[in-house]
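In order of appearance the chains are A, B, C and D, and numbering begins at 1 in each one.
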Amino acid sequence: MGLLDKEFTDGNIVIAKAEDLMNWARLSSLWQVSFGLACCAIEMMATSASHYDFDRFGVIPRPSPRHADIIIISGTVTLKMATRIKRLYEQMPEPKYIISMGSCSNSGGPYWEHGYHVLKGIDRVIPVDVYVPGCPPRPEALLEGLIKLQEKIRKTSLVKKST
Amino acid sequence: MKNTEEILQALKENFPDFSFELKSDLPVEGFIICNPLVIDKISHFLHDNPELNFDSLINLSGVDEIKANQLSVYYHLESTELKHKLVLKVVTDRNSPEVASVTDIWKGANWHEREAYDMFGIKFLNHPDLRRILMPYDWEAGHPLRKDYENPEFYQGMKVPF
Amino acid sequence: MINTKSSAIRTEEMVLNMGPQHPSTHGVLRLELALEGEIITKVTPHIGYLHRCFEKHCEAMTYPQIVPYTDRMDYLASMGNELGYAVAMEKLLGIEVPQRVEYIRVIMAELQRIASHLVALGTYGADIGAFTPFLYCFRDREKILHLFEITCGARLLYNYIWVGGLSHDLHPDFVRKTRDFIKEFKPTIKELNDILSYNKIFIDRTANVGILPVKTAINFGVSGPNLRASGIKWDIRKDDPYSVYSKFDFDIPVGKGTHGTVGDSWDRYFVRILEMEESLKIIEQALDQLPDGDVQSAIPKRIKPNAGHVYGRVENPRGELGYFIISDGSTTPYRVKVRAPSFVTLQILGELCKGYMIADVITILGSIDIVLGEIDR
Amino acid sequence: MMYDFFVDLFGNTVIAGIASGILMSLLPLFLFILPYALFAVLAERKVSAHMQDRLGPMRIGWHGWNQTIADIIKLIQKEDIVASDTDKPLFNFAPVLVFAGSYAAFAAIPFSSYYIGSEVDLGIFYIIAVTGLVVAGILMAGWASNNKYSLLGSMRSVAQIVSYEIPTMLVVLSLVMVSETMSLHTLSEMQTGYFWNWYIFGGPGFSLTKFLLIPSMLIGFIIIYISTLAEVNRVPFDIPEAESELVAGYHTEYSGMKFAMFFLAEYANMYAVSAIVAALFFGGYQSPVGYLGNLLGVEWLIPIEQFLWFAAKGLFFVFVQMWLRWTLPRLRVDQLMAVSWKYLIPIAFVNLIVIGFITLI
């Protein structure tokens, strides 16, 4: 079980500092599953390549889901593929994050109406952290999505939220 | 280089028992309608005859002609050596569609026929491996490119419509 | 005493499941490999993980609305897909398009061919283990994408070539920038050759692997660079010319078996490099001859063809892309069937891989250069 | 000498043994391996990036210098997945064994004339033997994961390491023949003075033998470099973890810190073999041009200089390994075996005989 599953009832300065360090480490080293689905995967590859260089943010592709922290759903998810993606997601160790890249995986995109074999949004299968709109999103948009995810991770806390 | 009329002539000479019908009134290409159950014999002839030498099947497409209550298959043939082309069409009943497979003549027909089976439910006789190809193997809602196809509400617990 | 019967080790075939998530299946392809040790006895491809119902969409959309969907089939060669659709539709409608449109289409299609081949070559290098050429190829591809971007605003899926015309005229800088690109790109082909094509290890890995004889290739309906690598000069741009290709002077590179047998993986790889050079030649000629005119004058206001059917085809980077369109006289097609080159080409994988090792499956799969978007449609 | 110091201090050999042992074994780990591994992983990413027209990590620390620290802290936080069908004891033990194997090798590596973890007379053979543990660990990992890719990867890896140990041993043997010692410390001491005393240039002294030995030594160096490259599974011999074929090879199923241990072991191993090459052929910790300490008459500067020289030589060879990785494609399994059995072993063997004759003269 990951460290994050334990929550503290009240925060103090030690926990706050440890939390900052852990959040910093997680947001700085988001390893991605090298997993592409469709058109968006090409833009994802372009983002990893020389011109946009995902590696600047510490994102490197890992072929095995066991090594990865983040999965970018890059393209149309079909019903046949959805069960596999769910399985892939389950194989990743906690804490794990998901970026839904492109209209297709957000909501079915251009295939929303007549796509008898298209899943209308990956969030029907697995939880999504950041949605990146576009068909396909430009690499800049994907980078923006990554930065948004980093902001989200920065705000996570080990302290149990009081209700 | 032969045109469709000449090929039709050659076919009629070789297969006096079979019926052929040339349709060339519609734009843009003319085609020959033949019997679905002997299309493999006709294809053998077209492939092996040195004067016709149709060595390549470029395309095979199923079509749902719902108004006539029939399914049809179009074959686009080409000879890379003699550089002529031919379109064949077979028509079969919509309720029990059966067409002879041409996979052992043109191996490339294999997946085309599987796709036609997947999308229209056309059964290709003597096909080595007639399974669904694009849709999941456990898809139960029918053949999606038929005009009267209706999509299921759920597939393996996932909602299908938007 | 040793009982030979009980001491015999039980052996069984191992079935290795490769994909749908695997770094080098080029998308969501699933291969079922039957192995004996590392030797392949049978390969069964399973496709359909990206089946996006293109043909169903065609039956529900009007003719101009289909163009964006064609983009999304072979997403590495969107311009080629659009061109194929436009060629088929113009054949069905019987309309002539202005010369400027045809020239721009050719320039775009050839630039797209280079971009697509760059991805193919780069990922091929990455499959074999050389990662750096992949990034060099993407760097050069980025320059082509920039040219597309100044023309129509999109990087990947353009919706640029319409039935009867184009969505935009060229940017004023386009001709100059394209000439600059050609000048820059020529040395990088040499760089790619030095780092990858003539590398001893690369040749050892690819030469004599996955040999595809011409007869088998034609029987399977293989087309494009894969067919030409087997040593036959078959190119729709020459053999069944469309658009204005008959006006240009260019060669059709074929596989020669330089480092092994004709039709092996190295030939399939190298034919693509030679094709990029030929594409540069075509672009240069087209830029020189580019006529003036209005690119939208021939676009029909309402597309409503007569009942009939047409098979239009173009030479896409991956081979012969054909559209079989049946019209019933309304504004939407009755049936569209796409003859996708990768769909046909992937069938030979089982034939090519038999008796090779796991590593060779990757080599062969990379060399036939498939795009799953087009296979599954 | 550390041991003697503690005997004097405590007056008891047992306590002194334990104390010096802890100090001796912990020192190289904390002072060298971890910082080195962190640096090497970053260097790998930076080197590859700059070779590929990219920048590499830029956002985390100045030019991404904290990148690997973040990676490690993140990996510690990750969930440790043990799939239900794995062989759990082996699965958990394998990364430890792999890391222990590569770490143990550092014990006999002479970092300077004043510091060797453990000065064994059979140093070079100890290193080669103890890195054999890595093979066992990899095989364990591959088997216990219950994953076909892992199994294939580990089987490839074992076949590869076993075949490439032979040319390594043959070259080491020829060096032993020339130098008549198996202790890396003595070997380094022999190559003192200037760079022409290095074994790559025929060894110390000026005689006919030295000049006759130079071509053989060059061949020996090339063979041992290639085979050590294969032993640490680097491109062009990275088939056990071949990303495009076997996903991640034998560590496909490992997550979190266990994966990090494989990762660190790989980089530690890279340095270990580079250090062996440096110690055998490139004068070990000896400076090629003399010491600043001698020049200034400052005795204590010499060990530090020696350490820096040794680190620099090792890192240079590590850099060459990275350089090759990002340049070359990967070989196939049968080709890999062919390189070893058809080319390297016969050449190394002939080389051994030639060196034997030369030393007899």
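The definition used in the following text is that a contact is a pair of C-beta atoms (placed from the backbone, for glycine too) under 8 Å apart; a residue touches a chain by one contact, two chains touch by 3 or more.
Please read all numbers here as calculations on a predicted model, not as lab measurements.
Chain centres computed from CA atoms place D at the largest separation from chain C. In this view the innermost chain, defined by its CA centroid being closest to the centroid of all protein CA atoms, is C. One inter-chain figure worth recording: chain A and chain D are separated by 37 Å, centre to centre, where each centre is the mean of the chain's CA atoms. Centre-to-centre, using mean CA coordinates, chain B is 63 Å away from chain D.
With each centre defined as the average position of its C-alpha atoms, the distance from chain B to chain C rounds to 25 Å. Each chain gets one centre point, the mean of its Cα atoms, and the points for chain A and chain B are 44 Å apart. Across the assembly, chain B contributes residues 134-136, 144 that each touch 2 or more other chains.
Residues of chain C in contact with at least two other chains: 22-23, 48, 51, 53, 56, 135-136, 139, 376. Residue numbers of chain A whose C-beta contacts span two or more other chains: 49-50, 63, 80, 113, 116-117.
Viewed as a network of touching protein chains, the structure does not reduce to a path, ring, star or complete graph.
Here the touching chains pair up as A-B, A-C, A-D, B-C, C-D.
Contacts from chain C toward chain B in the complex involve residues 47-48, 51, 53, 55-56, 59, 91-92, 94, 216, 218-222, 232, 234, 239-240, 305-311, 313, 320, 322, 324, 326, 334-335, 337, 339, 343-344, 346-347, 351, 376-377.
Looking at the complex, you find that chain B touches chain A at residues 134-136, 144, 149, 151, 155-156, 158-162.
Of all the residues in chain A, the ones that touch chain C in their complex are 33-39, 41-43, 45-46, 49-51, 61, 63, 65, 75-76, 78, 80-81, 84, 88, 110-111, 113-118, 135-136, 138. Of all the residues in chain C, the ones that touch chain D in their complex are 14, 16-17, 22-24, 38, 125-132, 135-136, 139, 195-196, 199, 201-202, 204-205, 357-360, 362.
On chain D, the positions that touch chain A within their shared complex are 45, 49, 52-60, 64, 66-67, 69-74, 76-81, 243, 247-248, 251-256, 259.
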